[in-house]
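First chain written, first letter: the chains are A, B, C and D, and each begins at residue 1.
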Amino acid sequence: MRTITVKDALKEAIIEEMDRDENVFVMGEDIAEHGGIYGVTAGLLDKYGKERIRNTPISESALIGSALGAAITGMRPIAELMYIDFTTVAMDQIVNQAAKMRYMFGGKVDVPLVIRTQGGGGRGSAAQHSQSLEAWFMHVPGLKVVMPSTPYDAKGLLKTAIRDDNPVMFIEQKMAYGFKGEVPEEEYLIPFGQADIKREGSDVTLVANSYLLPKALKAAEMMEKEEGIKVEVIDPLTLVPFDEETIIKSVSKTGRLIVVHEAVKRGGFGAEIAAKIFESDAFYYLDAPLQRVAGLDVPTPYNEKLENFAMPDLEDIKEAIKKTCYL
Amino acid sequence: MERSKETLLDMYEKMYKIRLFEDNAVKLFNQGLVRGPMHVYTGEEAVAVGACSNLNNDDLITSTHRGHGHCIAKGGLVDKMAAELLAKGTGYCKGKGGSMHIADPDIGILGANGIVGAGLPIAAGSALSSKMRGTDQVTICFFGDGATNEGSFHEALNMAAIWDLPVVFVCENNLYGLTGPADEMLSVKDVASRAASYDIPGVIVDGNDVLDVYETVGEAVKRARNGGGPSLIEAKTYRIKGHFVGDPCVYRDEEEVEKWKKRCPIKNYKNYLIETAGFTSEELAEIEEKVENEVEAAVKFAKESPDPELEVVFEDVFSK
Amino acid sequence: MRTITVKDALKEAIIEEMDRDENVFVMGEDIAEHGGIYGVTAGLLDKYGKERIRNTPISESALIGSALGAAITGMRPIAELMYIDFTTVAMDQIVNQAAKMRYMFGGKVDVPLVIRTQGGGGRGSAAQHSQSLEAWFMHVPGLKVVMPSTPYDAKGLLKTAIRDDNPVMFIEQKMAYGFKGEVPEEEYLIPFGQADIKREGSDVTLVANSYLLPKALKAAEMMEKEEGIKVEVIDPLTLVPFDEETIIKSVSKTGRLIVVHEAVKRGGFGAEIAAKIFESDAFYYLDAPLQRVAGLDVPTPYNEKLENFAMPDLEDIKEAIKKTCYL
Amino acid sequence: MERSKETLLDMYEKMYKIRLFEDNAVKLFNQGLVRGPMHVYTGEEAVAVGACSNLNNDDLITSTHRGHGHCIAKGGLVDKMAAELLAKGTGYCKGKGGSMHIADPDIGILGANGIVGAGLPIAAGSALSSKMRGTDQVTICFFGDGATNEGSFHEALNMAAIWDLPVVFVCENNLYGLTGPADEMLSVKDVASRAASYDIPGVIVDGNDVLDVYETVGEAVKRARNGGGPSLIEAKTYRIKGHFVGDPCVYRDEEEVEKWKKRCPIKNYKNYLIETAGFTSEELAEIEEKVENEVEAAVKFAKESPDPELEVVFEDVFSK
């Protein structure tokens, strides 16, 4: 099978859905000539023109608000919000409007709105351009939250997001655009709410996604070689809806839970996954305390060594695997 | 501007209906049957009615926390509205929205909104949608003087202007935000002058004169429908009641209220209809009676409607 | 000792600190003549005048941003944000600016900024005026997060917040303003980061705060009477900094953890507390799965029965106590 | 307007220093020593320098993602700046901020800012603070044309206007946002015309003419200092380099860039100093040499400085 990058996989998803449905369009800052800050929409302007590949002013409330207004009146916008850090200037439209509108109106509207954005560190972009804020959106009923890692998942999930009649926060990671992987030529969709067991194992359950999934897989591989520990690596793919069952089943089998995410530890999605296990029947099978491998509780520093130190890495994951196995 | 007999009477009916609905809403509130903050439109009826009388059924509006008037003016049904105030399963939102979230997208009412200024970007988007889908729909966006100090006002007007969107921004300048006087909180005397920032027309109308509103908004709607882009219209008006029901109104004096009460848009319009437009008191009384019956029936319907089932709490978080 | 309401306790704190330090001032929407939407600043205009009890336009970004600008240049503003739901229109200034400024600048500024706001349901204010969003702010390094329940705590914590040189989210609950309790006439402060054991017990650890604390205490009392279960009720008072130790110690003793909060369950602070226990040594003492008593994962409905159903109540807490004791 | 010999030369020195600093910053970036996005000020030097030359040491500025020029103009030290770009422990932010967060509150530099438009409310607040503390400090707030479409622009200007705050809003209209052309993204031709929305002066200056900037901002600063309230000044200028270092600039053509390169604010000012103001080339060459040495030393200092210790990552989250 051919191998492409996450960036190209996302672009293909957009192209296929725009070709399929003329109401799908893209709006955002610098997405047209420039192709978006990480190049996902590069080339689309020539293909679809200015109306459907629509550059907006630097007005994020108006960007999301107008996308919402379009979504409830017959269009299916994909709004690109350049950095997830900038959700902070559009938060009302995301949280109070898009997420709640259907509920507040007693079911009277569909809100087919995709907000594509990217977060995370690794490029020295410092505190205002490196956050991982998915936990905020998980905490808002009415939003779906998607975080792909591989090109295959990125494409299949984005297509599903575009066809979904609900607001979807589609969260990419700036260092993951270059991830390569196999993607079939044929069309496919990936359903929301089904976790993907990326590697089977019987000793430890490790939940990871997005930029850190490859590191988690690598750590699992190394620990199998080095220590004979079999780590089951699960990517939830979507945080909302969340596939509790797969993870509960896995932990019931392994008795050990590690959650890995880039967001700062306090209040990250790892806490929610941990709580779900802690309150489930998997509790009775637990053999070790929770391990969370997550960002330090600090704003992201600019300096490379400091940034790397603040972000979880391979060694941290290996360490957690050893710890949960009492090695 | 066309002013058919039918339109003139319809405007009277709607204004009268809003007034009566609000009076009843206040009564229901004071009976403890309405929850949360409720904001009534009494005194501002001419704005919503004058503006919406220019719209077709498939045209759109966005509204505010003070939304009952906009809803009725756009054709909303008072029985479903009353039922919603009383949190009944038969209400517009199955009792889940309440006063601040009444909506009827089927007739273009994109919802009241509890967040000041939030409707403006949504209105720009609905206008963008009409434009992209190639319809001739127009969106009217209602908001208050206080909302013009929100960032979303600025962002939405700029966006609508650069894209020539078919939207008419109608500011109801009722002299106050919640308690903040417009003349202290706004850096300009007239909201309309803020149109200069977007190179779009900015017009002041007498918000207590339904015909002035009707005609001026009518021009702007026509312009928008014909691809001429957005306008900003400032309707100078006044809310006779407090900001919310129960507001002690410590920030304004009775004198001012009394002055504006004399400028009642309904009374004045009635005088015009009889004295200038040649209608008879009987014709109007007939309308009044019809409206009274309708609102009375609505309140009855609301009161007699059942609460939503408990399971409804889980519905409508997501579509499908 | 005299008994006063939370509202009056807060007001006293503001008065004492304004009298003590002329750089302390209050700004916000409708806080002057009107005294704020729940009356906390009523009467202060007459006492301090328009400059120090400063009504702002309906411009929340400018409200928080200007308070921040004032805070880093010698003033100590208390910014009142009418509803926590409106943090969504000021989120950048809270999260990207106030929270991170000291860190980004390498320690070069103090940010003595208090953001007083209120959240929660119970009044039929519906989905855009009833949220509990403390978990968002917990997830942002650089913010302190305070949630008082009793008048005593409200006063002592607000005074501490005003004297703190860091941005503090001070989160009240609209139904709790009328809570009454004893408050001494003499000045006192309550330190951040020290949980308060509101009721001692040996069987179950129950963490609760804000509006739900009294219900938790009531439930504990009833369960002792009805079932002889001794519930230890702990109010963390501040979510950041968080007093892990007290709760770990308690759970190590009781073996059972219940977390009660009004925010929707998914991603609420209960998840973080659960994760903290799950990863601590208290894990080894656990006798039962976690119980979370929290809001349903839905926007807040308007209807009273539905709203009450969506919010945790006394019965839910009692139920959780029974469940954790396998009754 | 006073134009002492000292001021004139100081302005030349600062402009030259900015240019040189940026050239070196680009070099360091291309050597892989600078991380993240870096935005340079090349071509816009006259704005920051002309504006800040009106300020005292205890006056204040807020800046943007494109902040090096503002920082130098307000008296920032190039060694600490260079060290910050290289993420060193000796940098302004101990290597934790980088290009977008350089700050020196001790001399009134309230920080570069990575969020477009975020500086405007902060500037209003710093001006409010000066006013409340009874000082005569003035705040200059820098921002771009693109930022004028953010809601925060609108909110801050309204607030500053109603409270007569001592702040001067200086818009650097360099014709583009990131890639969005101002003439497509702004609904008005001139940012200055947006002053009408706040009933404050709105003035256009030639942003490539340091004396024009100096004098016009000087008037506004004087006005602000004397209690006359805020102003909006639009400096028409151009960024010669791309938006960020590495920008392929697909959205503009070389011709435009070449045209503006000819209008180099430094070259023109140098001509003025020699031809009109009576300075000699030698005097200027001396300054240039001094600056060259200073910047060279700064780069050396930065390169030789140590990385911050790892523990620094935990510091400064909270005060105390």
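General remarks:
Just so we're on the same page, a residue touches a chain if its C-beta (ideal position, glycine included) is under 8 Å from a C-beta of that chain, and two chains touch if they have at least 3 such contacts.
Chains and their UniProt names: A, C = Alpha-ketoacid dehydrogenase subunit beta.
Computed from a prediction, not measured in an experiment: that's the story for all the values here.
Of all chains, B has its CA centroid at the greatest distance from the CA centroid of chain A.
The centroid of the Cα atoms in chain B and the matching centroid in chain C are 36 Å apart.
A straight line joining the Cα centres of chain B and chain D is 45 Å long. We define each chain's centre as the mean of its Cα atoms; on that basis chain A and chain C are separated by 30 Å. Residues of chain C found to touch two or more other chains are 56-57, 59-61, 85-86, 88-89, 92, 96, 103-104, 126-128, 141-142, 297-299, 301. Annotation for chain D: residues 93, 95-97, 101, 113-115, 149-152, 155, 158, 162, 184-186, 317 touch two or more other chains.
Under the stated contact rule, the graph of chain-to-chain touches is complete, every pair of chains being in contact. Only residues 29-30, 32-34, 37, 55-61, 85-86, 88-89, 123-129, 296-299, 301-306, 309-310 of chain A touch chain D when the two sit together in their complex. Remark: chain B residues 60, 62, 91-97, 101, 103-106, 110-111, 113-115, 118, 120-130, 132-133, 139, 151-152, 155-156, 158-159, 162, 315-320 touch chain A in the complex.
Put simply, chain C touches chain D in their complex at residues 23, 25, 51, 56-57, 59-75, 92-93, 96-97, 101-111, 141-142, 144, 165-166. Those residues of chain D that touch chain B in the shared complex are 149-155, 157-158, 161-162, 184-189, 193-194, 196-200.
Residues of chain A that touch chain C in their complex: 61, 85-89, 91-92, 94-96, 99-100, 103-104, 126-128, 133, 135-136, 138-139, 141-142, 240, 242, 263-264, 266-272, 274-275, 277-281, 283-284, 286, 288-292, 297-299, 301.
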